[in-house]
Structures are given as C-alpha cells and as structure tokens.
Amino acid sequence: MENQKSSSIRCLNLDKRNNMLLEVRDIVTTFDVEGKILTALQEVSFEIDKGQTLGIVGESGCGKSVTSLSVMGLLPKPSGNTISGQVLFEGQDLLKLSPDEMGKIRGKRIAMIFQEPMTALNPVYRIGRQIGEIFKIHFPSMNDQEILTKSIDLLKDVGIPAPEKRISEYPHQLSGGMRQRVMIAMALACEPDLLICDEPTTALDVTIQAQILELIKELQVKNNMAVIMITHDLGVIAEFCDRVAVMYAGKVVESAHVKDLYKSPKHPYTKGLLSSIPTMNHPRKTKLDTIKGQVPSLFNMPPYCRFENRCPYASDVCRQDYPPTEAIDDSRSVNCHHWKDL
Amino acid sequence: MKKIYIISLTTMVLGAILSVLVSMSIQSNEQKNKNVAAILTPDSPIEEIPKKEIPEKLEWITNTDFPEIGSSEAKKGGLLQMFMLNFPQTFRVVGPNSNTQFRSYILGNKMSLVTYHPYTKEIIPQLATHWAFGADQKTVYFKLDKDARWSDGRAVTAHDYLYILKFMRSKHINAPWYNNYYTEQITDISAYDNYTISITTKDRKPKDELIYTLAAGPIPAHYYGELDENWERDYNWAIAPNTGPYQISEYKKGKYVILERKKNWWAAKKKANKNLYNVDRVIYKVIRNEAIAYVYFKKGELDYFPIVKPKWWHGKAKGPLYDNGLVVKHWFYITVPEGVGGLFFNLDHALLKDKDIRQGIAHSINMDGMIADVLKNDYLRMQRFTEGFEKYDFPDIEARVFDLTKADEFFNKAGFDKRNEDGVRINKEGVKLSFKVNFGAESHLPRLAYLREEAKKAGLELVLEQLDPVTNYRKISTKDHEICWVKFGGGGLKPRYRQFFHSSFASKPDNNNLCNVNDPELDKLIEAYREEFDEKKSQDLCEKIQRRIYEICPIVYSYSVPYHRSAYWKYWRFPKIAAAKSSTELFDPFLGGGAFWLDQEEKEKTKLDKVLGVDGEPKVIIDKMFKPGQKK
Amino acid sequence: MSSEELISIKDLKVHFPIKGGIFLREVAKVFAVDGVSLSVNKGETLGLVGESGCGKSTFGKALLQLIKPTSGSVTFNNDELTDLSKAKLRQYRKDLQIIFQDPSESLNSRHTVEQILMEPLEIHKIGDSRNDRKAIIVSLLQKVGLPADSINKYPHEFSGGQKQRIGIARAIALEPQLIVCDEAVSALDVSVQSQILNLLLDLQEEMGLAYIFIAHDLAVVRHISDKVAVMYLGKIVEFTDADNIYAKPLHPYTKALISAIPEPDPFKEKDRVILKGDVPSPIDPPSGCRFHTRCPYAQDKCKTDEPELKDYKNEDGSEHMAACHFAGEF
Amino acid sequence: MKNLFKLSPTSQRQLQRFRSIKRGYYSLVILAIVLVLTIFAELWINNRALVVSYKGELYFPTYSAVIPAKTFDQKIGTGDEETDYRKLQASFKENKSNYVIMPFVPFGKSEQHKVKDKEWPLAPGDGHWLGTDEQGRDVVSQLVYGFRIAFFYSFLVLVLTYVLGVFIGCLMGFWGGWFDLLFQRVIEIWSNIPYLYAIMIVVSLVGTTFTNLVVISVFFGWTGMTWYMRTATYKEKSRDYVMAAKALGASDMRIIIKHIIPNTITLIITFAPFALAGGITGLTALDFLGFGISAENPSWGDLLKQGMDYLDDAYWIGASIISAMTLILVLVTFIGEAVREAFDPKKHTYYE
C-alpha cells in the first residue's frame, strides 16, 4: 500500500497536468440569509488525481459539505452562490458550464452520495425505477430489458443480497446500510471518474460503516475512481484516504498526506483536534486535551485568521490578515503564521 | 379495547340492518302506492239509502236569480303559469304535512254544498240545489244535485256526505283537530235518501252563520273505503277524485304540478260557472326564491307575479316592461273581514297589568308614522277589532294615536316619571320601562325597528326579539311573551270575540286569548252576544264589547291591507269586475275566481312586442270598487 | 469512590406493542429490552455500548421510569421504583437525571436558559424566591462553564457544545445521584466532545455522581467508564471493567465492534472482523443466540440454544460476564 | 418579569419576517386601524354630538347619559326625549355663542333617518355617504357597527374554539389511549355535522342572542383545531425536551402548558386569520339566512340580503357591503398568507 501511494506522489510531481482530475482553485461561496451575505467558503483550494482518495475533514459548519455542493453546482438557489474561483475538472471550469452541460457531467462523470440515503431516495418509487432513471438520462439508447439486467448487476456489485427481489421494493423497506448501498449503486451506474462521498457513514452503525467503507474501497480499485471522502471522523480519514485537507470555518487550513498529517500536524487546529480524541491507548478517566472556545459564527467571521480566538499560538500578526497558504513541501501546505512554532 | 370493538361492530351491523330495512320499507311503500286501488270502482252500483221521513216541515230555499259572474267575451284555452315556493310534501288535505300552500289549490277544486256569490255575497247553489233550516237553529237540510259527479265519473250521493264523519273522526287520518271538530262541532250528518241530507252543529247559530259553518264538501267514500293505519302513507301522493273544474294531471316532485281542466265537467253548464274556468291548464312551478321567480316572470315564464308589498309595488315593479305597458300593474281593493293585527300585551305581565302603562304604550307607538315611512302609506291603520265586518263595524271607535304628551301623562300616572341615563323611563324601584317584543317574520323587522326608535322618544324601551316562526308560535301559544307582534287571518261573518277575550282562555296555553284578558264585564257581554240571534241586538252587543275592549286596551292595532296588487302580462283579460269582493288574489283559477281568460292573439303580439320593442303607455289599474268605506 | 450499590436493575424488560387496525389492537411486539440485569455503584460510571436499535437508550429511559418497563425491577437506594405512582416517583426524579443526545432537541427552543433551569427548581420547590433561584442558576452555569450572561439567551444562540452544557446544568440542578447520559456526546464535534467529557469527569469528582453512559463510540465509552456492558438486540452480551473489555473481549460481537472502529492512527495495523448483514429486527429476534445470524463463528448449537450470561473471570479475579457458547475460544 | 414580555427569538424572527412581507404587514396595519376605528365608532359615527356648547356650558353627550331635549330648550315632544343634535346644530346656526360639533358621520347605528318626501332606502346624499338601507339607517354606520359585532363574534368564537380545541387536542395527543380513541370518534361524528345547518337548527330552538350564537358556534366548531393539535402534540411529546421535563418530574399539565402548547403556537397562529375570516363570513351567512345575532343589531348579513333585494333599485347597499366584505376578507387573507409564510419553518433554516 505504502509503495503505491508514494508512486502516485511521484506521478503528481512529474506530470501534474496529465494526472490531475479535479482542481479547485480559491472558490468563494456565499449565502444570502435574510439579506445578510455570509461567506461560507473563503478561498478554498484542493486538488485530486485520478484514482486517488482525498479526505476532507472538519467539524460541523466548517464548510465541507458546501464545498462538495459548490463543486457539483448543487448549491441551494437563489441564496447560495459561488462568486469566484475555479473548479477545473480535467481542465474544464465547471462553474462556467450551463445547467444542461453540467447535468451531463453530474451523475455521469462526477457522482455523489449523501449522509442520509433516505432523503436522497424518492420514497414513492421502487428501487429499480430509481436506478433505471439514471440509465435513461445518460444512456437513452438502452432498452428496458438492458436497464433491468444492468440494474441487477449493479445491486449485485454493491453487495445487496437477492437483487432481483430488492429491485421492486421501496426505499423504506430497506435498512439504512442497504439504502446506502443502493445509493452507491446509483452513483456508480455510469462508472464516474470521481465519487464525492458526503459523510456516507455518519448515520450508520460502526459495523455497517465498516462494510460500506470496505465496499467503496473495493469499487474504487475496481473502477479506478477518484474519491473525495467528506467526514468529521478522523478515524475514517486515517483508514481510508491518501491525502487529507483539513477545513476550519470555511477555509482549508492544512493539506497533506495522511501519514504526514497524523505524524506531525502543522496547524494548531489539526494538532488540537488529533489530541482531543480519546483513543484506546489513552489512560482512562483522565482529562483530554481540548481546544478551548468555539468556532466563530458565520454571521460574525473575523477578517483575519478564523482560528485566532481558539489558538494557543495566536499573536498580533494573526489578527492582521488571513494567513497565507504556505507550501511545506511538494505535497503539503498549511495556512498558519506560526506553523514553524509547532 | 375488546369491548369497544364489540360495541362498535354491533353498532355497525345494526346500522346496516336498519338501512336495509328502511330501504325495503321505502320500496314497499312505493309498491303500495301503485296498488292503491279503489275500494269500489267508479262503476260499481250505488247502494240505495232507505227513505226516511224528515222530522219537521221545511221551507226549501234556492237561488237562481243572481248575476252571472263571468264575461261573455271570455275565451277558453291556454295555459296559466304560476309559481310556488315549495313543492307540497303530500297531496293529502288532512293529516301530517298537509297544511301547505298547495293545499288551497286542491281544496279549490273541492266543491261545497253552497257558496257565496263573489260580488253580491248571496248564497248560491253548488253541490246542493236546495237548502232548508231546521227549527233547532242547529241543523241545515240539503237537496243534492243529481248531476254531480266525481272526477272518476261516479255520482256524488249522500254516501259521500255520511262518509265525512267516518273519515274525519277516524284516528287513522292523524289529524286531531279535524277529529275533534267533526266530533265536537259537527255533531251529526244524516241521509234521508240518496240525495237528501242534513248536517247538524253543536251550538245554535243565526241562519247565515249556520249555513256558513255547515256547507261542507263531500269525501269520495268509494275511493277511500275503510281506513287503516297505513292511510297516511298510502295516500300521500294519491290524486283523490274531486268535484271541481280542474284535476291534477301531471307532476314531478320538487319541480312542478299541472292541473288540467276537465273535458266534461258536470257543472260546466251551470249558471254559476258560466264563462269561468277558462284556461285549459294551470302549472305551478316550484321556484324557491321570490327574487328568482320575479326573473322568471320578467322572462315571460310566469304569467303573474304578486306585488302586494310596498317594496314590490313601489320599488321593484319598474322598468321598460312596465313603462311600455307589456306588464300591467293592478291594484285591487277588497272588502273582507281583516284579521286582527298589532302588538298584543300580555296582561299577566307585572307591568302590563297596569292599564295606564298599556295606554301609555299605545300612545308611544307611532303606527301611522311607520305606515307612512316604512310601508309607503299603502296600508291603512287598523282602527279596531271589527274592521271589514260591514254591519258589525263601528267607525267612531278609533285606535289610539302616537302622542308623546298623552304617553307622558299615562306613564307618569303609572309611576314611571324619571328617566335613566339611557333615556328609558324608570319608576321608584328603579324598574325600567322595557319590554320584549317577539315576532316571527324577518321582513317585519323594519316596521318594528321603526316603532322601537319612535318609542324611545317616549322613554319606552322595546327590545325586539326575532324568532323563527315555529319558535315564535310556540312562545306565543304558551303565553310566554311580554308583547308580541301578531297578525291573525281574517274571515267569518261576524266578529268572534270569545276566543280572543274570554277569561276561560286566559293564562292557558294554546288559544287565541294572547293578551290573557280576564274581565268579568267583558265575559258577560261576550256570552250574551253568543246567545243572541237577533241581528240588531247582536250588533248592539257587538258595539258594547268593542267599547269595552277599547277601554281595556289589550292590543295596539297595526294595519289592514284591504287589497291585493298584481303584475301580469297584458294578454290577460278580466270581466268588468275583475275579482271577488273577498278575493285573495287576482289569479285564482279555481272556485270563485277563474273569471279571467287568455287572449291568445294578444299573447303572440306581446311576444313580438317584447322582441321588437314597443312604445306603449304604462298600464296601471287601481280598482277601488270594493275599497272599504266607499259608497257604491 | 465508594463501592456501595446505588441502583440495581433486575431482569428488566421493555416490550413495545405494535398496534394496528382501527381499534388499535396489539398485532406484534418490539422486544426492545429483553431481560437486562445490571447494577451501578455510587460514584461509578457504567458504560453501555451497542449499535442503534439494540435497546440501550430504551434501557436508560426505562430505568428512569420515563418509559414504563414491561417487567423486572429497578431498585434505587433499596427502594423499588417500578411500582410507584406518578406522584411518588416525582420525589425520586431529583436523584435520577438524564442528558440527551441532541441538545437542540432536548431544550425547549422557546424557553430562555433561565426558564429551562428554573423548571427543575420550580417543580421541586428549591429556593424560596425568584432571586434565590436565579442565584442557583448562575452558580449552575458557572459549574458547567457558561458565562452568567447566558441566562437571558435562548438555546439557539449557543453552539452544540454549549447547549449540551445547558442540558448538563439542568441535569445537575437537582443534585442527583445518578445521571443517564444517553449518547450525550455523540452529536458533538470532536473538539467539543473532549470539553464535555472533561466536564462530566469533573462533575463526577465534585458531586460524587454515578453515570450510566450510553454510547455507540467505544473509545469514548472506554475513556469515561469504570465498567462496560455491551448490548445486542435487547440483551447484555458482555460485561466487565473498561480496560478488559477492550483488551480481551470474550464475545465475538464485542470483538467485531472494536475492530470496526476506525482509529485515527494510519500507522496501526488492524485485523478487521467485518460483520455480514444488518442487525435483525427486534420485532422478531433470532432464536438461540441472537447474534448467530451475523456471527462469523456461529455453529449449529448457536441457532437453537440461547447462551447464558456467565462469569469467566479476568486474570485479576474481577468479574467478566459474557453470553456466548464459545466465549473466548477464538 | 422582563422575560414575559420578551419574545422568544424564534417569534422575533417570525415577526421580523412577517414585517418584511409588505402586503401582509400593511394589511395588518390597515385592519388594526379599522378595528380601532370600529371600537371607537361612537366617536365618529353617531347621532349624538361630540360637543355641545349651550349657554356657556359644555356638554359631551357621546358616552354620557341621555341628555333630554329640554336641556337645550329643544321642542320636539315633551322635552324628556333625547335631544336631536342635528336639528340642534341647525337651530344654533344663527346664534354664534352656542354650537354643536357633530361626529364625522352624524347618524346613529339604529337611527332611522327620515327625509321629507323621500322613500327609504335613501340614495347617497342628505349627509349619507353611502345612502341608507331600507330602514333608513346610514349604510356607513351599518357597515362599521356590523363589522364590530361580526369581528368580536368571530374573535370570541375563535378564542373559545381554540382554547377548547387546543386543550382537548393536546390531551388526546398527550394521553393517547382510550381518551384519544373516544374523542377521535366524537370528532369524526362532530365534523360530519353540517356546521351552519346545525347552528341554524339549534339557534332556532334557543333564540338568537350573541351569547347563544357564540356558545353554539363553539359547540359545533371546536373540532377543527383539535385534530391538528392532536397530531402536533403527538409529534412534540416524543421529542426529547418533553422527556427531559418528565425526567425533572414535571406534571402532565405543566408539560402541556409550558412546553407543548408554546411549541405548537405556530400552528395555532397560522390558522387564526383564516378562522377569523371564516367566522365573519359564517356570521354573515347566518345573518343572511335570518339565523344570526338578534335582529336588532346592525349586521352584514342583513345588509347583504338587502343588497340582493335591492339590486336594481338601491345599488349602494349591495355595492357597499360587497366592497366592505371583499376588503376585509382580502386583508385577512393577505395577513393569513403572510403569517403562514413567516411561520414556515423551511424559511428559517440556514446553512451551517
């Protein structure tokens, strides 16, 4: 595993352009909430190569879901808008595409699965029809029989037992894990190049989470897909991803290879986060390290480093401007004035 | 949980069974209706009644010397289109639900033994050719017309009169009032042969009143036969044979009823019916709203529309149809004993006991102002109880008029000499001079509201209480009112005081003594009046009673309406005397009326005129021939 | 820390009837909690883990009598709670409190913090005047680390962690002896979760509280608990002290559960036990061992015979209960 | 105490949102003004003068006791009857020292204004902005006083049905079981009774007073709210904050009153404007059919009926009442829509 990863890093370095699948550059997304403009994403940038797994981790409200919606062009209109930046998918700026053109890419080239599959599935249609719909949109030439066989195959692929039977059931007849599998099947129907998983296992039990993560991993290898895994669970990132981008209050604060990040976090937030998780090795009933205070409200964001109020390293310089994105090495960057002090 | 389950289930099952039973009974009901077969067919032989001697010597009377009613110009034919607000709930004329508007049309074709000439008021023969008075002043003898036939062709005989008592006394007809009347009041009907009968009443009466009471109509014995408990249901929609000029020929429930003139009516040639009953058919359409009916009238789908009320005569009956004379407005005065109307005091009420208060109120009621302002001066102030009774009327007794000074005097005398902050009089104990006035007709509200506003000036508070007619009736008949606003139906030959003013009815429910008048002096007079058969003496007593009533002041008289007003299309024709002295409407196609006829040519022309437009003169007829107080 | 027994639950069962038809007859039952016996000592923390639908939350509410148990007994300080009337139970409410998972759900959004915290004081008539009570509220806020000016604010003006602090303040307002923490930190972000866990530990120390800590996150449960019980489909399958249950799980379910937790450590090698299928429905639980449908080690015996909860003893002689025919044999 | 008057932030936001919906907000403002005007209708529609100055003394007859005509040496009848202020005003024309200030519309609510040689209903003119009805009563006064009665009837019925409906609905949802089952069936039966028809029947039996009508309307109308409240309570009662209150030992009543009802208030408020409009039209319908509040009172139903009767000859009656009804119903509907929009929970979520 480790070898494979380092080789992909090398590829990235050698031929960045050829291997790059998606590059998000400085996107700014705002929401209009009752007349107030809130900046949910403040110049978010990350990139992902073909076949790679990128984890986006952060606590609730940090903008990780907004990021995925911005990429997919699925922001709730008219309040949400990406006002600047680029989303380059194989060099093409998705933000400039018309809704029709975007529709062709969405679902076919980039697929997405959500946290709560029940809300993403239409409760009044049978499973078969919902999967078939995708084929009808993207492959209008397929006939009903073909669609049926293809759908059953897909369900088989995602490990649903007795797919012939399941295909004529309604979403509520399935368990949470099964529903998420159906969602995955639908996402994979067109063999996309990129799968965005927005908290795919948060609503599931740990044993089911393990099943689903295993399945996504398996399918990723099989289809040579890139995966963006959005989660708040640092454990999932550690086990699942190649690279990770840590988000805090609408900014990517640190981006690195998984092992680098866990070994030596360079941003005070990342550091605090990692040390506040109780682990099996931690002595019981002792105080955990904490990050004091709380995330500033979106209504009330400071025009400088957004972690300043919680940061043990904060100094005057932090209160002057946003910290710049500093590259530590080829594959690693951090947004902090004090990263060297850590 | 289980119990609820069982109970609900049982209820449901029972409900289902019940609904099946009900639907079955409805079915069987209809079944029966179809099977209502005559007990005797019209052709079955008529049983001969054994001849009996009449116990006394009689002086038979008849009348052939009376002016003809109809016009010789009258033409037969055509259709008269009328409306009614509701479809009758039954075609029966007795029993539950039979008291409908439509009943009078059926009764109109149910002839009596004798009738009154519409103009001269003299008695003229109908089903009886001769009549004679018994010495007991209770019995009248009749010789029946041998030509008389039921509509099914069977002869009308003494059997059909004997049957009256059997029918009317049967409890199967479910009509207690009739049961009682034909037991208590009509005590006997006898036959002396197939065409001679006598009818007897309980009380002695003057001749005119006696024959007025006893001139009953026959009931087809062969048709009803023995009554049973199903009678009410079985005969609900049965079209009973009648003796009059028209019979129901067609109907659709909820929509219309058509009556058709009989082809060979037995009495068609009789003098009293000459040139009458001219239209071939009369249709009564059900139109549930007066305003909508008026629209039908304007379209020509109704021939006649009553415009009695000032709102109609002065208000709505306007426009091109009238301006060009396509529609005629006809105001026809009548002379008829007007039913008493007004504010009736309950003399049992703590304050209304006081005669001064009653008189004070009488002077606080601006009836004349109301008639002028609200009723456009069409109605006449009712002056006394006896209005319309011609020989029994006493014009010098006049109603009390609105007079604040007199009211003030009377109220002060009664102790109500101060006013509270609302301007209402109070007495020493602080009791307000305030009375509830209940009434049942919504349309009378403006009238009463006017009286209330005017009464305020006298410091009298009237609280109007509008009730629906049924509740109002109940309230009044249980004497639960303080003051009630009532108008009685009129009629009769002489004023009848007893039921209104005799103490035997006071403070008891269900009678006409609404004021609970309990006056020994008046009682004495009323009893004497009842026993008096001499016309002159009777008139004197009547006047005395009238004066006593004036003194007691139990009623503030309202108004009389001695006329009817109609709008009709110009193609209708009338004889010189358009309607009877006592008619209730211009277009009464049946007994006593029916003198009008349709000018077919004019009708065609009118249709054209309506389309093309015509500049005619407005036609407004105001016929004062029978206006009360007019000298002929 | 005293070892005096505070609450003891014996064979507690909660069966929910499923009603159908217009007359709401019982057509089936959910065996939410099916015979659970546990006890908690004063000042001790009992962790209760299991996946969603295993009945752990129902158990927590049933022992507080918030849900009426179908059978079994709950003895608190030697008093039986299950057959008390509503009015009598009210006195015990003081000693038994609960903290919920979702702080925004468990706080009435239309009440201010003052109103929220005033409620327990009003009900139990603590403090004589309004000002008295206000003072108590301010000190409560201080205790849970909220500024005194929060008093006039509404729940939505707080972050998730702060809301949970309000929930905790409400729970400790009556100075209870036992608090059921029903997934109390599950909905919180990691950085806040640690703050709340620290707070709970502080309060335990200060007030001598006992906790029943219900969660699905084993790492968190291990961290805070003295003893841990693992529930599966309404039954306890394993029970012992916190360290042992992770170090030497006896039940295959516990083992699977532990291995399924993603650990925030990319360098750690793990042998994964990935369970097949879903948790069966508690309406119709499997026969024999309820876990046999998903157990990688299941034998024929497991399908028919229900294993007893037996004590297998740890090396140090402490209790280690497990309900498996082949406990520790794999 | 401060808290009592401080709206919860949800309510504040809803209020703010309501304000931002201009149509509804201004409708409310207009309706409020109309209401205030009608409450003090005696001050601007009255046949009693606002101020009379006579022989150096000031009189304020509007709300005072009846001032007899003789006080001002006015000669109508005995002098004990109430002063005719319009005539008084006319008679003071020459005498500068005495004066009468009449209200804007110088006609009383039940005053029948007689104008010589003119028939009722009077056409607009003679001081009547909108003419008179068939009883010679000023149409403006009838509209305003009629509205006052209709509004308070509707408001009272609304409050009472809500109190009853909310309470029973809450208990149904909260207690469930046989109580719920019983009332469910009761409500099913109740809601199958035709409302207006039932009221008409009962009213005809017991008489048409204001109280009777309100009681009967409530008696037949309480079920509407119950159903919604039952569902809402079912939803609320399973929420954790209710469980939390239970855990604190709160009694059922405390939970219902302090927790459940405040949290379902949105539902209640959203329905209220429409129910209010329904009440007004309901009473108008009853009045129209002659089963409304006792005949003495000015009423919209009565006006509407006259409007129908005099469609051809007295257009001003029909035009006035129909305009007035349309205006009020449009206002209420706008308010209702705005309330519903302001209270729509979907409008209040925002992204985190």
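In this document, chain identifiers A, B, C and D correspond to the written order of the chains, with residue numbering beginning at 1 in each.
Heads up, the rule we're going with is that a contact is a pair of C-beta atoms (placed from the backbone, for glycine too) under 8 Å apart; a residue touches a chain by one contact, two chains touch by 3 or more.
None of the values given here were measured: they were computed from a predicted structure.
The central chain of the assembly on a C-alpha centroid basis is D. Taking each chain's centre as the mean of its C-alpha atoms, the one that lies farthest from the centre of subunit D is A. For the pair subunit A and subunit C, the distance between C-alpha centroids works out to 32 Å. Subunit B and subunit C have centres, each the mean of its CA atoms, that are 87 Å apart. Per-chain Cα centroids separate subunit A from subunit B by 92 Å. Work out the mean CA point of subunit A and of subunit D, and you get 57 Å between them. Under the contact definition stated at the top, the residues of subunit B that touch 2 or more other chains are 4.
Multi-chain contact residues of subunit D (touching two or more other chains): 181. Under the contact definition stated at the top, the residues of subunit C that touch 2 or more other chains are 23-24. Of all residues in subunit D, those touching subunit C in their complex are 2-3, 6, 8-11, 181, 239-241, 243-251, 254, 258-259, 262-263. Every residue of subunit C that touches subunit A in the complex is listed here, in rising order: 45, 51-52, 159-162, 189-195, 197-198, 201, 216, 218-220, 222-226, 242-243, 246, 256-257, 259-267, 272, 274-275, 278-279. Residue ranges on subunit C touching subunit D, taken from their complex, read 23-24, 61, 64, 66, 86, 89-91, 93-94, 96-98, 100-102, 105-112, 114-115, 119-120, 123-124, 152, 154, 156-157, 167, 170, 174. Residues of subunit A touching subunit C in their complex: 59-60, 175-178, 205-211, 213-214, 232-240, 258-259, 262-263, 272-274, 276-280, 282, 284-285, 287-292, 294-295. On subunit B, the positions that touch subunit D within their shared complex are 4, 291, 311, 314-316, 318-319, 373-374, 376, 404-405, 408, 419-423, 442, 445-446, 449-450, 452-453, 456-459, 463-468, 470-471.
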